[in-house]
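What follows is a pair of complexes built around subunit A, which joins subunit B in one and subunit C in the other.
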Partner chain A sequence: MAETNFKIWRGDADGGDFQEYSTEVTEGMVVLDAVHQIQAESANDLACRWNCKAGKCGSCSAEVNGVPKLMCMTRLNDLPLDQGVNIQPMKTFPVIKDLTCDVSWNYRVKKRIKPFKPRKPDNEDGTWNINQDDIDRVQEFRKCIECFLCQDVCHVLREHQLHEEFIGPRALVYTAALEMHPLDTEDRLEDLKKADGIGYCNITKCCTHVCPEEITITDNAIIPLKERVVDRFYDPLVRLFNKLFGS
Partner chain B sequence: MAYEPLTISGSRIPNTIRRDAWWRTPVLVFIGFSTFIVYSTWAAFQGEHYTFGPYLSPFYSPELFGTSSHAWFGIRPGFWPDWFPYSPAFLILWAPAGFRLTCYYYRGAYYKAFWADPPACAVSEPRKNYRGENSFPLIIQNIHRYMLYVAMGFIVFLSWDAILGFNFDGKFGIGVGSLVLMINVVLLAGYTFGCHSLRHLVGGALDQISKSPTRQCAWKGVTCLNKKHQMWAWLSLFWVGFTDVYVRLCSMGIWTDFRIL
Partner chain C sequence: MTEHEIFEHDVLVIGAGGAGLRAAIEASATGLRVGLVCKSMLGKAHTVMAEGGVAAALANVDDRDNWRVHFSDTMRGGQYINNWRMAEIHAKEAPERVRELEAWGAVFDRTKDGKILQRNFGGHKYPRLAHVGDRTGLEMIRTLQDHGIHQGIDVHMEVTVVLLLKDGNRVSGAVAYDRERGRFRVFHSKAVVLATGGIGRAFEITSNSWEYTGDGHSLAYHAGADLIDMEFIQFHPTGMVWPPSVRGILVTEGVRGEGGILQNSEGKRFMFEDIPDNYKDQTAAGPEEGWRYVLGDKEANRPPELLTRDHVARCIVREIKEGRGSPHGGVFLDIAWIKEKMKNAKDHIKKKLPSMYHQFKQLADIDITKEPMEVGPTTHYVMGGVRVDGDTQMSTVPGLFACGESGAGINGANRLGGNSLSDLLVLGKRAGEYAAKYASENGETSINNEEVEAAKLEALAPFDRQCDCSDGTYQIQYALQKSMQSQVGIVRKGDEMEKALEDIADLKQKAATVGVIGNREYNPGWHTALDLKSLLTVSEAVALSAIERKESRGAQFREDYQDKSEEWAKYNNVVRRGPDGSMQIERIPIPEMPQELQDIIKEMG
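Entry: the complex of A and B
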């Protein structure tokens, strides 16, 4: 490989622009390697958040050629290097500096979700019996590394900035992990409909497409939650059935 | 706290710096859906050439009122206004159309392709306001499960039509059309029984699904189909249109229905 041009967004909350850098790209490099190389060679003050370099910490989220990605998992030989590489911070969150942004909103939203409330223990020693099949369904959601790429790509947050009305795919996955848990007894459906704004999701599946952990966010978390909301608020037959025979 | 989106200088409308062919999928979806809508509307208005031998076009099944031997109740319903053209398809096409219109897969696809809401992932939208499915009119999408109930009834009717497609004047036979009708019902069943609402209703609503082995088994079956829901959606859409084309062209004498047996 050879010298490659990179356009990296530089700036802070007050504004900024793309700046061009050039660095030598060698075999096996990922975007984060190139950013570190540029940092070392020509932009010592370039801010970039990273930690594990293995796609497990969720720190190095950014937009590479306009697509939300983990920089550490984006191989440069998968990109059209002859056109250069564009790197910018996640668009959905306020920029702190360069490629880092303030994702604290996600943690505040998560705190708002009703916590896990298990039923009484099944055994005298305070333990529960759980069938593996029941737990398998929610196990997938626990793979989330909180990189917030799904929040970044979600057009409800990204384009319409409905942060106050919609909690976004990551928080919905978290809710699904609790709501569908075989031990959980908490009821979050009213919150899902009102405070969490699940109706804003129009199932574009962009969150699923960008998830580096390949969690089937839309089909396995959001749509099942939407269906539970339909049960409670929009389906008179199910409501009648539940009233007659118990839910 | 207000969240101002990061403005990317130098970008054009639509605002994205994606370099891949992000527009390709929405354009293909737009062309695919538009072609089907135009053709099915045209075919519904024809009111003729919808049967050939034992075959009945799925656009006209079940034929509640009509002129063919497949009709259930007579030629034309009494309530139908004289001034409006009548076609048996008008009485039934709302059901599969409603099922597909409210389908979770199709919703995501046509929101992108027809309303640019968004045009593609990480591509900006032409409008500022957004209400999603949170309020009228799109809140109506929540009737999807009711459309599913109707659609499942159609699978029964179309299965019967497929069986009748092997009945040539009281004798068993196999024509190319018999296979076309059979494939049609298999694809439509694959699409219908992989529905997200069905997946929820048969077992998804239960947190301890293992306590209901029958529902668990059904849930696993629906989940298996649901994983390829998009594929079933497109294949069944194409094939149901093709089935009508096949019956129509055979009826018009343009195509010959070859007998295999």
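Entry: the complex of A and C
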């Protein structure tokens, strides 16, 4: 292959712009390789996060040609290289510098969600018996690598910046993993309805499309949670029952 | 004078992978103020890359398993120069630590009767690895993280420690900088736990990320602590070899645990041709027996692909060197062949090895359910590290503890797969527990401001120097990696390693005068320049220890001393900083094993 042009967003919270770089692209390279190469050749101070380089840690999230991606799993030969490659930080979070942004909001949101609370152990040695069938569903959610690309693409956060009212797809997947955990006894439905703002999600499935772990976020996590909330708070019979017997 | 912010903790844990998180959880349970420093963001540490499983003798799949078998397997794998006390504690306590994770929300794969499922792995006599497909490490770190954030631990994300502070002999804190703004933080504490992971970035081909520059090893060394077993570096037999940009990325041993076979370009299963004497009794006589083992036949012995990692890696190197390698300089690892043996092989592979399927499909255009992978050895793990007490994990510096990959002793000359995930739980817990105890029983420390100011000046010095981006800090790192890879790698020779020491001395000079561009805000060039000190320190310790050990044992293979020596079976190498600041090496005798443990080893054959 050959020299390829890259436009990488450089700047910080005060502003910035795309800068042009050129580097040699060879067989099998991913976007992150190109960023590293540029960093070593001509821009030592170019900021980007990465760790595992194998799609398992979720650190190198960015927008490649406008699409939220893990840079380590985006092959350059899948992109139209003759038009150059645009790389910029995730838009939904405040920029720190260059390709890094402040994702600490996600950590704060997670801490707010009621933690795992198991039922009493089934056996005297403190263990539980669980069928594989009962955990397949939860295991899907627990694949999440916390790359926050789903948060980045979610229009409630991206366009409307409702970070105070809505916890976003990642935190809903986390809640689903807890709610559907066969051992969990905690109740998070009221939080989901109020503090977590699950009603803001209008099921456009953008999050599902960008998930690098291919978690079916909307169908498997969010919709079942919405149904639970509806059953609890909007079912007329339940509401009547609650009114009469005060739950 | 550059400003800094001071943070007060009773126990400071440096490193937030599995070991650091487990230590912090334990220490904070005592009610002490605990600080946890992460070099990256929380939950991104290398534990997420651990795939195959966590070793614990739960005996859920084979009731013949118990701690004594696990202990004996660990010692055999480490070629008997392990710290036997740590190996004993580890084997005894691992099951409880795994069950505890389940109580904290971990969701392991299940047996038919609803217990935690266990899989086969190299060097383990029975199926012993509790797992979640091939993403066990992610499950573990996320469980520890999600539990840990509710324990009142102060988490410092994207902060790198550059110096440990001392008050007399005692450790009293650390100097660090935050990546985001480049501001300094001084941590004042009564005890410090190092859990910084490995040193893989000292080598060219590695499964490790940018973080693994041996910070904990180097911090401890410069604080006057002993390092032990530094010659033993684990080269994992199966890393990706193609395309070039992914060279070194890990391919889990779980592939072989599920029946994957290694073949050379002639289609031969070469592992059958070279089985070490001490594993002959435990290894299958042929492919048919090996497959029965994979299926769980208790009468069958394990296939030779599941011999210890040091041995498998050397066999692969031999095949490649002798011209029987794959097109891109590896050998073939085939799991697709099991379709001859089972109907639903494709689904089975995708279920058992989902991230391997994904990784090869996306990065190498290979469908592992249809065709073989190309694999070769990759620098994966360092057995050596901070020398600690077997019961408490305290180093030779009072108040300084180490666990996980940065601590050493349990693995001896070679680590068994799956033992690091269990060791980080067992020994991480102990490090946290005893660090908290130490902090409660010992009074306040003071910090030396001159040391703090000197550390800050040293860290900022690269900004005052000229910098040429294309011949700067990254190029020094690459030169070191090349030197270590080619001269202190899988096959070693005395004269080559002496040359590596010369290279290291030369690169030290260069690192001392390297400049960086830009400012202190999130500047990877600057961070890399500061990491060089750790990388060069650990590289020197590795080369020095490897030269000293004139024999081949476990992960150390010397072309000039190809045999195991009875004499060297009695010693560990210890490296420490001498009074003149130079690195010194000493052999220390291995303490005699109690009769009870000797009997176990004898009994297990």
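Just so it is clear, the second predicted complex is superposed on the first by the 236 of 247 C-alpha atoms of A that agree within 3 Å, B and C clash if a C-alpha of one lies under 4 Å from a C-alpha of the other, contacts with A are read in each partner's own complex, and residues count from 1 in each chain.
Criterion: a contact is a pair of C-beta atoms (placed from the backbone, for glycine too) under 8 Å apart; a residue touches a chain by one contact, two chains touch by 3 or more.
Owing to the predicted nature of the structure, the values given are computational and were not obtained by experimental measurement.
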| item | value |
| --- | --- |
| Which of subunit B and subunit C A:146 touches, first, second, both or neither | second |
| Subunit B versus subunit C as contact partner of A:17, first or second or both or neither | first |
| Subunit B versus subunit C as contact partner of A:33, first or second or both or neither | second |
| Which superposed partner A:57 touches (first subunit B, second subunit C, both, neither) | second |
| Touched partner set for A:126, first subunit B, second subunit C, both or neither | second |
| Touching partner for A:181 - first (subunit B), second (subunit C), both, neither | both |
| Which of subunit B and subunit C A:47 touches, first, second, both or neither | second |
| Subunit B versus subunit C as contact partner of A:81, first or second or both or neither | neither |
| First, second, both or neither for A:195, with subunit B first and subunit C second | neither |
| Touching both subunit C and subunit B, counted on subunit A across the two superposed complexes | 131, 181, 184 |
| Subunit A-touching residues of subunit B, taken from the complex the two chains share | 1-10, 16-20, 104-105, 107-108, 111-112, 117-118, 121-122, 124-125, 128, 130-135, 138-139, 142-143, 145, 196-197, 199-201, 204-205, 207-211, 216, 226-227, 229 |
| Sites on subunit A touched by subunit C in the complex | 12, 26-30, 33, 39-59, 73, 75, 96-98, 100, 103-104, 107, 110-111, 115-116, 118, 121, 125-132, 135, 138-139, 142-143, 145-146, 178, 181, 183-184 |
| Contacting residues of subunit C [partner subunit A, same complex] | 40-46, 48-49, 99, 102-105, 107, 109-110, 113-116, 132-133, 135, 138-139, 142, 146-147, 149-150, 157, 180, 209-211, 242-246, 249-250, 355, 358-359, 362-364, 467, 469-470, 472-475, 478, 516-519, 521-526, 528 |
| Touching residues (chain side subunit A, partner subunit B) in the complex | 9, 15, 17-18, 63, 65-68, 80, 83, 86, 88-89, 91-95, 105, 131, 133-134, 137, 153, 155-163, 180-182, 184, 197, 199-206, 209-210, 218-219, 223-224, 227-228, 230-231, 234-235 |
